[in-house]
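There's a structure below that I have some questions on.
Going by the order they are written in, the chains are A, B, C and D; count residues from 1 in each one.
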Amino acid sequence: MPGNSFGTIFTVTTFGESHGPALGCVVDGCPAGIPLSTQDIARELRRRRPGGGGPATSRAEADEPELLSGVFEARTLGTPIAIIVRNTNQRSTDYDALRDVYRPGHADWAWEAKYGVRDHRGGGRSSGRETLSRVAAGAVAKRFLSEYGVTVRAWTSAAAGIQVIRPEDPGFSLEEAEANPLMVPHRESAERIMERIETLRAQNDSAGGIVSCSVMGLPPGLGEPVFGKLDARLAAAMLSLGAAKGIEFGAGFAAASGTGSSRNDCPVPKDAARLSPAVPALRYQTNNAGGILGGISTGMPLEFKVAFKPVPSISKPQQTTDRQGAIRELIIQGRHDVCIVPRAVPVVEAMTALVLTDLLLLHRCDTQIRIST
Amino acid sequence: MPGNSFGTIFTVTTFGESHGPALGCVVDGCPAGIPLSTQDIARELRRRRPGGGGPATSRAEADEPELLSGVFEARTLGTPIAIIVRNTNQRSTDYDALRDVYRPGHADWAWEAKYGVRDHRGGGRSSGRETLSRVAAGAVAKRFLSEYGVTVRAWTSAAAGIQVIRPEDPGFSLEEAEANPLMVPHRESAERIMERIETLRAQNDSAGGIVSCSVMGLPPGLGEPVFGKLDARLAAAMLSLGAAKGIEFGAGFAAASGTGSSRNDCPVPKDAARLSPAVPALRYQTNNAGGILGGISTGMPLEFKVAFKPVPSISKPQQTTDRQGAIRELIIQGRHDVCIVPRAVPVVEAMTALVLTDLLLLHRCDTQIRIST
Amino acid sequence: MPGNSFGTIFTVTTFGESHGPALGCVVDGCPAGIPLSTQDIARELRRRRPGGGGPATSRAEADEPELLSGVFEARTLGTPIAIIVRNTNQRSTDYDALRDVYRPGHADWAWEAKYGVRDHRGGGRSSGRETLSRVAAGAVAKRFLSEYGVTVRAWTSAAAGIQVIRPEDPGFSLEEAEANPLMVPHRESAERIMERIETLRAQNDSAGGIVSCSVMGLPPGLGEPVFGKLDARLAAAMLSLGAAKGIEFGAGFAAASGTGSSRNDCPVPKDAARLSPAVPALRYQTNNAGGILGGISTGMPLEFKVAFKPVPSISKPQQTTDRQGAIRELIIQGRHDVCIVPRAVPVVEAMTALVLTDLLLLHRCDTQIRIST
Amino acid sequence: MPGNSFGTIFTVTTFGESHGPALGCVVDGCPAGIPLSTQDIARELRRRRPGGGGPATSRAEADEPELLSGVFEARTLGTPIAIIVRNTNQRSTDYDALRDVYRPGHADWAWEAKYGVRDHRGGGRSSGRETLSRVAAGAVAKRFLSEYGVTVRAWTSAAAGIQVIRPEDPGFSLEEAEANPLMVPHRESAERIMERIETLRAQNDSAGGIVSCSVMGLPPGLGEPVFGKLDARLAAAMLSLGAAKGIEFGAGFAAASGTGSSRNDCPVPKDAARLSPAVPALRYQTNNAGGILGGISTGMPLEFKVAFKPVPSISKPQQTTDRQGAIRELIIQGRHDVCIVPRAVPVVEAMTALVLTDLLLLHRCDTQIRIST
């Protein structure tokens, strides 16, 4: 498959440039009979929109999704679900100055090196606005997962150089994360980060950060060894985000300096019916593995973190090169996020939901065949 | 595609259990006319074998590859290349004790939760021995890349809690990495790590570490946005390795706490012919991006790191659970690595070579069409 | 991939129900720099529309395509090309009577057996209107092929039980095929078929027929043995059309009763530069193979025929069964083609163009690597 | 995927040249727990071997399969199943005369036009011997289908210009088809065909024919519209066979000249439990559709026919061209089938079984999700 489709049997194909007529997606392979409405999609898109007064861009799009196919009488048909969102608030002339110059930290030149041409308006398809399609598709996946009791939640766990408290710390609150524009699960941390962001904004500079993600209710057995492992699929999903520069699962990089005896998660019996006559129900005493062993979900919470680099569009003067190959000084104008991390939160959730839905469906057909049924 | 194939047009399908008759791979989509011999494959397999007296397992396999198809008169035919390696030194009875018990830190139970059955001998397909097939396939990819002047090199950059000096530090030597069984590019670091590993061995414990990888000679333009980005593909490749728990590109997690002005790589003109009439040749003053912008190679060195958890098989007593759901004390017998990181080095190279070959071929067909030719 | 995508590196994903808000497609993997406009797509869609007074449905849709992405300044960007067409002339209430009954010869019940639900309005996604998306995508492929000098032409070669003269017969004219609503390349044949169709219409009955397709200018070497052969890919493309019941290449079924000595096409030298130093240019004295040997194009005209069954929607009373499992008499109302074959002509061309574009691009990357370049 | 893999979630990848060390396949995505032995595979391979004194080649290979992975304690593990068959009876020197000449009716030149190189020994990968890998993989699929009560049976329905009686005719016997080397389900027809074949052999000529296939026990609902329809997938499978030139389903090409009222299959209630509360059980009064409507199985017998061209290797003198581009007379030596049709019978069955298994598994995961379970 070319680069704009993702998934094996529950797939999404996305399309759209930042300043073209529309962005959208086609979700194929969604089982029939799932309740789905435009509101389910609109709700997720709103979470991705820039917060008022927050760290984000001042481009204000309505981002109203339109459902073109695949749903009939409020339920999925089993046919492809196409969703589009019109671009309505483009100020493309803001970008005229960028037609012949390559922005530092952006894909501008690499894109031309690959394709020979580039839509310079707002970064074209390499814009962060592309993630809107992913969030729309992810809303379908989330709807599906909710039928299985699987919950995907992400939050800002570090931003602008400031660490946020961890889930096991007192005061951690996912409700709080939804209540502040930074998606930070702790009021004081949010305030400190906002201060730092305002300082950076005054300095015409920008920040990066880390998004943490946790999935509850995932059954054991998801993942398709050896190349379609759960962590491999999630890593691909996350590193396909423009500003992502790293991912770690469970104890992650810290695990690399530990020892087997300190890092192994020991299984203990679980008070539950056996999975099958041959296989008992278990849980693990610790979760250094982040819910994945051998690329397969263990039934423990799935936990991972994604690192995002600072926003490359800054208004500070920078040295760069133009299409003629001449050195130029560049001061980027226009509307830009100081810190993209909060807006990455629903995107990380969406991509996670897409991966899990695909693997959940694959698990049903690849391995759980009960011959006698 | 199910889980045991990787790639879009240059693909590998692997097979084999640790203690079954054979492991192997089928490489499909390799262009015709590439020189290839059994020796090319055997050489890479030797680099993966455990070193004498080193940190590795004492299972000594000859690991002689057999080339079954796809090569005629010493060149590839354009047809599938099948390679097998017989398992000859299995001591399966070592594993009888593990038939009904789930080892901590291993995939044993997750595998049963998924498939209902499990080949308990040496971990079956979830064994590290599975990577042998990847190294064999990677040898074909490396042979292909060498025709393009692309060089993939990995090394142990941390192990058993000890950091190795970096490429920019004096004394760093990739020749040295090939000369010691730890694949460490610095003699003294290697000695310190070996001491630490011997201590861990005496304690019946194990270690993890980090593999760094660097690719030179890569042209700009590789990667298939938005889901088949270069970093997304590499992340999937690396996290598909059994013990991998994280990956970062360029400045990686450290970049998350920096600012745009300190992390942006600024382009400068390159003393080279233009890429095309429309696109100049560039390079970047720094390489925080690790050679990737917007998921596309920039022509700068590709740089990333992979974190590996400690080997879970340790001879220390551990608490676990058996198939009946009862708590058991387990002391793992048999031949096991104390630290798998050095043996992961050629595997990381192999997976990198597979990704790059696929993207190099895709780049030729997807985007570089010159209509008038 | 689920069922609504087609192709390996030049892919199309289609969506849309007959009476939903819109139908459309996403074409991914189209090389950058190809001239493309809405007019290119609208032109092909017009060829698919029912002809005035002809054999076709009286539902009159404007079928105006909208290009949502992938094109900038009149050229392709290398990004996904999304095209939608609004449904504007649905008379869904025509179909209320069909909500609980299964039409003979239609997919109604099979669809419910599969998905549990069904959009009964106009057949939903199993409607012939679905092919509109294919024609839109095929227009992109045709635009691409035209840059290579490849021409795809189809025509009605039999309809309503009447055979049309063959290309080698005097009077055969593809210009004529474009001039009459039956797409028949011979005026008198067209008139005879039209008469027969009018008779069938008066009898509340319907007809089938055969579409022939010929491709000129195709280079040798296209097709990906052993499963992605040129004929295999075309057969899949054609049998994915709702009413198609068979396909044959070159001499086809007639070849099965011949002998090797009468059916072998003998190669003769061609007055042309060698393909490469090692390979001479050839052509074949005859073309029983229909331009394909071993699943690879030979450079001879590609020739095949597709059989279409009679339109199943007839106004004659038919016995059928309803959702309650009771026998019912059914008289289908609404607007229906008497003979779908002429409207299948541009669809056969579109699917052919999609297959050829994909294989042309694959051929460039899979096999034609010149190492030294 | 490149050309040597087939299937979406139950996939086969084949490899091997006619005169290389071995041929084989890797089957991935087979559910765990299916009983499977070497004997299951050997049995199918024996049906593909040339019959004694029959119409086939005199190359006598033992064709003993070796099972390298994916099976443990006589059941599938859910991991890839690799099977190889050694080539033991090659007489490669028979083919030296063909190194620089292109055989009429063969892929020799097309192959070189594509790949630049060719293994001329026995046709290399374009040899009919390649189908051995398919039959081995098909044996796994048949084993799977037998657990579901699905039976795939093919037979020779025409050969050497002689039609065999049809299933509805008195005297038709599939037991007889297994008893004679021509796979003809009628003794007298078999004898007439054998006579004709002997005449052709004496004339140094060859024959083609038709294989019919019928599948019993298939549940309704298989097929993935709109591109992965059951007939589309089967057509791709069959036209991927070297000598296949056409396929038709149910009434096929004959349907094209009929009318809707005569060709529609009318549904009638079936004495069976409803498929679901919403969907009744049905059957059809006739089966012109060949068991497929809208690309989805109807639960009626699946019926199709495949046309095979005459064997192109004949010992009669033929005119051809050599690598230098010079005209040459060619008399093909070596061991060749006069009529390949009987040996195609198990191959048609194998490919059918592969398609059905894949679609059966897809059907379970794509569409039959019962949310509340």
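Keep this in mind: a residue touches a chain if its C-beta (ideal position, glycine included) is under 8 Å from a C-beta of that chain, and two chains touch if they have at least 3 such contacts.
Remember, predicted model here, so these are calculated numbers, not experimental data.
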**Study point:** Higher-contact pair (C-beta pairs counted), C-D versus B-C
**Key:** C-D
Point to revise | CA centroid of chain C to CA centroid of chain D, Å | key: 25
Check your understanding: Centre to centre, by mean C-alpha position, how many angstrom separate chain A and chain C?
Key -> 38
Review point. What whole-number Å value describes the gap between the mean CA coordinates of chain B and chain C?
Key: 45
Review point. In chain D, what residues contact two or more other chains?
Key: 1-5, 8-9, 14, 29, 32-33, 78-79, 114-117, 125, 225, 366-368
Check your understanding: Touch graph across the chains, line, ring, star, complete or other?
Key -> complete
Study note, to complete from the structure: Given the complex, residues on chain A that touch chain B span 1-6, 8, 14, 102, 104-107, 109-117, 125-126, 130, 158, 160-161, 200, 205-210, 220-229, 231-240, 242, 244-253, 255-269, 274-276, 278-282, 285, 288-290, 293-299, 307-314, 316, 318-321, 323-327, 363, 366-368
Check your understanding: Which of the residues in chain D come into contact with chain A in the complex?
Key -> 8-9, 29, 31-34, 78-79, 147, 225, 361-362, 364-369, 371
**Study point:** Residues on chain B engaged by chain D in the complex (per definition of touch)
**Key:** 1-5, 8-11, 13-17, 20-24, 26, 28-29, 32-33, 66-70, 72, 75, 77-82, 84, 114-119, 124-125
